[in-house]
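Naming follows writing order (A, B, C, D, E, F and G), and every chain is counted from residue 1.
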Amino acid sequence: MTLLGFLVLIAVAAIRLRDLFAVVMLFGVYSLLTAALFMNLDAVDVAFTEAAVGAGVSTVLMLSGLHLTSRWEQRPKRSPLLPLLVVGVTGAVLVHAMLDAPFVGDPQAPVQTHVTPYYIANAPVEVGMPNMVTAVLASYRGYDTFGETVVIFTAGLAVMLLLGIQQGTHNRPGLNAIGDQLVLRSVVKLLVPAILLYALYVQFHGDFGAGGGFQAGVIFATGFVLYDLAFGEGDARTVVPPGWLHRLAALGVLIYGGVGVYALLAGKPFLDYSALSADPVAGQHLGVLLVELGVGITVFAVILTIFYAFSGRGRRA
Amino acid sequence: MLLAAIVAVMVTMLLALVRAFLGPTAYDRMLAASSFGTKTVLLIALGGHAMSWHSYLDVALLYAMVNFVATVAVMRFFEYRAAREATEGGESAS
Amino acid sequence: MSDLPGIYNYLIVVFLMMAGFYVVISQGNLVKKLVGLGLFQTSVFILYISMGNVIGGAAPIVAEGVTVYSSPLPHVLILTAIVVGVATTAVGLSLAVRIHEAYGTVEEDDITAQDRADDETVGTSSTKDAAANATSTEDAR
Amino acid sequence: MTLFEHLPVLVVIIPLLAAPLCVLLDRPVLAWLAALLASWATFAATIGLVAQTASGETISYYLGGWAPPWGIEYRIDTLAAYVLLIVSGIAAVVMLAARTSVAKEIPADRAARFYAALMLAMAGLMGIVATGDAFNVFVFLEISSLSTYALISMGRDRRALYAAFQYLVMGTIGATFILIGIGFLYMMTGTLNMADLAARLPAVSNAATISAAFAFLTVGIGLKLALFPLHLWLPNAYAYAPSMVSVFLAATATKVAVYLMLRFVFTVFGHEFSLEQMALHYVLLPLAVVAILSASLVAVFQQDLKRMLAYSSVAQIGYILLGLALMSPEGVTAALLHVFNHALMKGALFMALAAVMWRVGSVQLTDLAGLGRYMPWTLGAFVIGALSLIGVPLTAGFVSKWYLVTAAIDAGWWWLIPVIAVGSLLAVIYVWRVVEVVWFRPPNPALVDQREAPLSLLGPTWALALANLYFGIHADLTTGTAETAVASLLGGLR
Amino acid sequence: MSVVIQWVSDILLLAGGLLCVTGGIGLIRMPDFFSRVHAAGVTETLAAPLLLVGLMLQLEWSLDMFKALMVLVFILATNPTASHAMAKAALHGGLRPWQADQDKTAGGAPSSNS
Amino acid sequence: MRLLFISGLLAAFWLLLSGHYVPLILALGAVSVVLVTWFVNRMDKVDGEPLSMRLGFGLVGYLAWLMWQVVLSNVTLARRIWDPRLPIRPTWQRLDTSVSTPLEKTLYANSITLTPGTLTTDVKRDHFMIHSLSPEGMEDLRQGEMEGRIRRLRI
Amino acid sequence: MSGPTLIALMLSLPFLGALLISLSGRAVAVRDGIVLLVPLVLLAVVLQLPSPVLVGDRPELVLVEMMPGLSLSFTAEPLGVLFACVASLLWPIASLYSIGYLRGNNEQHQTRFHACFALAIGGAMGVALAGNLVTLFAAYELLTLSTYPLVAHKGNETAIRGARTYLGVLLLTSIGFLLPAILWTWAVAGTVEFTPGGMLAGKLDDGLMGLLLLLYVYGIGKSALMPVHRWLPAAMVAPTPVSALLHAVAVVKAGVLTVLKVVVYVFGTEVLTGLAASDWVFWIAASTILIASSIALRQDNLKRRLAYSTISQLSYVVMGAFILAPLSLLGAALHIAAHAFGKITLFFAAGSIYTASHKTEISQLDGIGWKMPWTMTAFTIGALSMIGIPPAAGFLSKWYLLLGAWQAEHLAALAVITLSTLLNAAYFTPIIYAAWFKPAVDDSRHGEAPVAIVLALSLTALLTLLLFFLPDLPLALAQAIPGVGS
């Protein structure tokens, strides 16, 4: 409840503030709070992702975007009446809809009684992993996740098309203006390996707890983003050249798709992992591992691509 | 006592939020947001234990990390901007 | 109104969604619009996660001594939706950046004003196209 | 399982996997070849699907081997196969012309990624149509939308950027509305599978939540559909996009949105709920009428031909919705026919403009005076498309308008006839302005020594133009399929 | 868990909570950005360790305890760095500390610039 | 050798995080450690600032001392915050220093920042810029106890 | 050759001609050869058709089934065959004339002109043979669209504006009224196939039937009933061969033919007889005759006077149909042919005058008869036919119209015909008088027009006379129309 109250405060502030920088900061806070709320609602995986994405990646991206555009918003000239009316009507419809909705947490709600029980009863057995979210994500609804991977690939492609990526250089921009961020660099140098390893831990422990390919990819990319922020993009681009990234992004999608096509060739439906092994459960396990790997690679590559694209523009500007 | 600590953390979050709204400078908001982030980490760690959430410490660890990255990014944002304004002679009045 | 507490969560979520929605449709600054979209989508995520929650349940990860789990399905859906959200934000931001490069502003009013000014001097359209094309080839390098 | 049984998923994953392949190949020619092969393979697979569903069967395909409602199901009935055919057919034709046009309009080092994005847009649209799972719709919707935003922004004019941004904002609002709608449905039924939803919805159909879900889905899809007055993004998006993108989008994107609308209105909610409880047609009807009249009128005043055609598209969507609003088998058949025929005519028209753009570098009306003398074949095809747009007999446009008016008469809504007639007359006006200028004005001095467009553009243009004639003269195929599709879609209605 | 540990843990948690709030109050009361950094530091340097150690005591010997430790280490390593970096950025962004002793310095009145 | 050391640290980190000690996960862990080490090596080559981690008991002792300082200054600061008069007199001054290696500088600067009441705002080649809530804090630093302890660590 | 083959040939020859003409555009001599040859072949084909039709055969050709119950089908029935004969007889002559005219005036875009001309003939054949309303509509629109480039031929502002009016009015009426009328018919009768005796009998009450009738009558804008006649004067901007095509060979004739087909095959004369709306249409046609004639009287521009004359003459056909007597229907059908021959002669003559002397106003024609004897002789014959004086064909059709009116005891019709004949005489005789009997004012030295033109107009003048003396074939065909012979 308190968290929701905080969220309301932030939302109101975000409407009123004209300093976009502050708005973006608040948006980051909003995401972080939402993630905490998700924890409270038993959605560990979602909280994990929202924190990495909303508070991390989105904020960083928006700041980059802000850096390349302008920080102050003009006072809007148009009348707020029509938007208010639209919002009012939409809100009224929503409130109306909520009056007939099952209560939050009602064990008799259709959500809890129809498909869910099957997952809870069978996912640990059929797919063989304790984390049902991963089981549903990567196997039962593996095709959605394939789509999700393609979405992120598409985003990377779109950003590449829009902004292009400059090749790496060895200068350290920004530093000449400010001077050496020695302290920051040293600490970052200590942290980056830990972050990278943590990402891989998240990648491979999605079966057991919160995490999985998507979160891992984001965190892995975050490690390099941090490195880039501290050491300058010249160094970062030498460590991970942009030329790798679009290939990696494509590769990840192809790994995921390849598992599906392999099943096709084995005479099973697309993405039926039981084709991977004589023992269906072992096949599921292997399949989930592989597709999560594909997801992780694509997400890592795309997030870093996007970041490079923005920071590359920054240097030109 | 765990509960008291949680409440204390939440109160602090509220105070940080107030600072974030008040500003007045962007750096104040940045500080408030960073501080808020740290409080969230603590909240997750304590609350997770209190309500026995699954793998809450992983999440807390992640939050701590993300918070740092975001802060560094913000800082960089200002550095670049300052550098740009120094070369261009300032673009915005305020 | 005895059922109000049960839907209290939802009502606040509705408010949050509408706050985001309002930002999107009322503000003229492109970056702020994107922030609004983010708020809007994030609030929808809360709606989904709320409906998956069950009283006395635990996170849907098999653990000893736990019998009631929250539904994993909304979590899966929202994981996907979060990805979609960040993808949209990234694409939107890169568009905003390019718009800023092309127009020198990210305010809708200014952009439409410039477009209208272009319309009035139709004769120069070809040169402007050529210029836009030149920048895009330059980007490519 | 044989290859034949995998067709439902193949039509989606062939273009989907061609996209990363294009990125890996990285050279424009190779990427184009890959995209071309993929689009034609998809087209061939779609024809297989059409054949399998021709007499009204429904194919169900369990992705990952999990039975619905636990897994995701692909469900292809006649209607879906019909729409799949439109999308893949147009894509196949577009890819034929793409190499020439793209080489001129897109920088060479981005061409490979451009093809990848085009493949993704196609795969997204195919996925929306093929799926039988409500949430999967959202995922594929976003694949197609995101790639579309990028594709539009590749236009040469800087306005393409702003157009893409507007589309992005509107599209995302639409997608979020759809997400809310799906969320409510899930909240009340606990399932996401469309067939399962259809079975479980009647029990809870009195809840306000379901009505709200219906409202949100309608508005969300309406945004994607460019339903008046939610169409504001469309004219700029189509006008400033690269030529090939305009062709592809104008011919397919809104069609898929129409399909989605049909799916939700009839399959998921069922006509009883949609019509009797929600009275959807009373909402759609006035909007459709206003769309036809106002958008046609606006089109008359456009100087940019692509923009003019874009407004015309808004009006044509009005016709399609008019068919839906009649809510009779005849009306829906008319709508489906117009979905198909409009794809053909707008494909031909935008393709002809692509050829003009290739040669002249502009589609401003004033720049094109007397062009007919230099590019008679291209503009001849344009005229055929234009006639089809007007609805002249022996063209495809006539067939759908014929059905539409007949359905209106059957429904007893006589007053729609003048609306349709006025819409057609406005079409005459905006189309004939062009014909007049390109054929009968003295040539623009800047055009001297222009030559006919290359065969690679002319061929696809004429293929689409001739299709307009073929399906206008021999409409059995389309009408028959449309009627079968409608029969399976609304078996209960009458 | 022994009673002693429980007691120690409770005391640590309570102290941490109090310090935490103190930092928050400081964040509000302090006159300018740089002094607020100090206040924020309170919570991060002492309150967080107190709370986390209190938590670790409750977790006893387990992987979770190590993870909590890692969180602590992480906070201790990053927060001063972040504070430092922010202060530095603020300085270079043109913000000057308000100094009680020499009112005539370049920065002028507190909390004016951005 | 250095890489082996880093790998070892990373492996320990993995084992503490993981909690699942089955062959598959362990093998993946090994791969992960190798991958990360490879990246670390790449970074070191590029940025020319390889990590030197000479951990010793000296550091532990220093940290213990530092924690105590932190507690002390925290108490002071907390008292000031709660004091209705808010008795602070911020100053911002230059602090000359003779610590030289990057890690020493980092540690020193962070230690200053970590103790509430003093804040390093800038690190230059031979001096820091320090913001202090009260002149006393500045004086304490000038006396050089902290600097001396850090220099004695020889890291 | 069998009936269907003939029909297929008739329909395909003009299109084939258009294709060949466009392909041979570079080789002018070859192209003009084709322009002359194809019409002759078509004529040879068309003339095979009357004999089977006259013995009661109704050859039919179903091309494709467009939609269930809707096919693209063609039937050779007397009315259409009559029109087809007239059109195909005039096409070769018009082609000859066009070649002469276009070359004589050094016109641009000759290839486009000839190709579109051929397409228009194709449309006319389609209208003539259409077996149902939809096919008729398609051919009707083809005719409209293919004549548009001809009207806009000159490409200057006036030409484009005139062409815009032409297309606008014709499409407005056809899409706005004719198409809804067809759809309505389809909805009511369940078919659009032409049926002798009509398909609507008893399907609608009188009020709605009247409304439908008005929709048809005004939907067929080509029949130029007032007030939808505006397109015809507007189209006067076109070159003279085009005017000939519009007024004589194809367009307006297709319009009145469509009216007749609707009367005969859609409503059926019996249904119309009892209908109040028939009377309305009669009066509309009658007033069009009188008003258009009075307007013609005031025109000094020769072609404009001829245009208004056409408007009034067309209404004879419509009026004849709506007198609703068998003989008047016969007269109406005959008038299609008679007016075609006469009016084409007049327009050819006008074009001839323009080509030779660049004169366009009637007041400039004093004494021109002696400079251009062939042209003015032909003009005189054409004018006689218009007024209805023997031995020109116009007399024949007017005679039957009068007989029909008498038969139906329709006094008003008698009065209108008489009055309009006087008006016709009033606006044609001054021209003839001036041409032959007034002294030439200017001394411009010009002779006859080029040979091709003179040859063409002499031929049509001859035909006008021939029709009077040898009316057997058209009479026989007209008598075979349902509702006439029986």
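In this section, a contact is a pair of C-beta atoms (placed from the backbone, for glycine too) under 8 Å apart; a residue touches a chain by one contact, two chains touch by 3 or more.
Everything quoted here is computed from the prediction, not taken from an experiment.
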Subunit E and subunit F share contacts with A
For subunit B and subunit C, which third chains touch each of them?
A
Innermost chain, where centres are averages of C-alpha coordinates
D
Would you kindly tell me how far, in whole Å, the mean C-alpha position of subunit E lies from that of subunit A?
29
In angstrom, rounded to a whole number, how far apart do the mean CA points of subunit B and subunit E lie?
11
I'd like to verify one number: the distance from the centre of subunit D to the centre of subunit F, where each centre is the average of its C-alpha atoms, in whole angstrom.
60
Averaging over Cα atoms per chain, report the distance between subunit B and subunit F in Å.
20
Touching two or more other chains - residues of subunit G
none
By the touch rule stated above, which residues of subunit A touch at least two different other chains?
42, 44, 64, 66, 70, 94, 98-99, 101-102, 109, 111-112, 115-116, 119, 141, 144, 147-148, 151, 154-155, 158, 162, 164, 177-179, 183-184, 187, 190-191, 198, 208-210
So subunit C residues touching two or more other chains come to 17, 21, 25, 30, 51, 58-59, 61, 63, 73-74, 77, 80, 84, 87-88, 91, 95-96, 98, 139-141
Full enumeration of touching chain pairs
A-B, A-C, A-D, A-E, A-F, B-C, B-E, C-D, D-G, E-F
In the complex with subunit D, residue positions of subunit C that touch it:
17, 21, 24-25, 30, 33, 37, 40-41, 44, 47-48, 51, 73-74, 77, 80-81, 84, 87-88, 91-92, 95-96, 98-99, 102-103, 111, 115, 122, 125-126, 128-129, 132-133, 136-137, 139-141
So in the complex, which bits of subunit A are touching subunit B?
2, 6, 9-10, 13, 19, 21-22, 25-26, 28-29, 32-33, 35-36, 39-40, 42, 44, 47-48, 51-52, 55-56, 59-60, 63-64, 66-67, 70-72, 174, 176-178, 184, 188, 191, 195, 198, 202, 209-211, 215, 219, 222, 225-226, 229-230, 314, 317
Per the touch rule above, subunit B residues touching subunit C in the complex are 52-55
The answer for subunit F against subunit E in the complex is residues 16-17, 19, 67, 70-71, 74, 77-78, 81-82, 86, 88-92, 109-111, 113-123, 129, 131, 133, 135
Which subunit C residues qualify as touching subunit B in the complex?
58-59, 61, 63
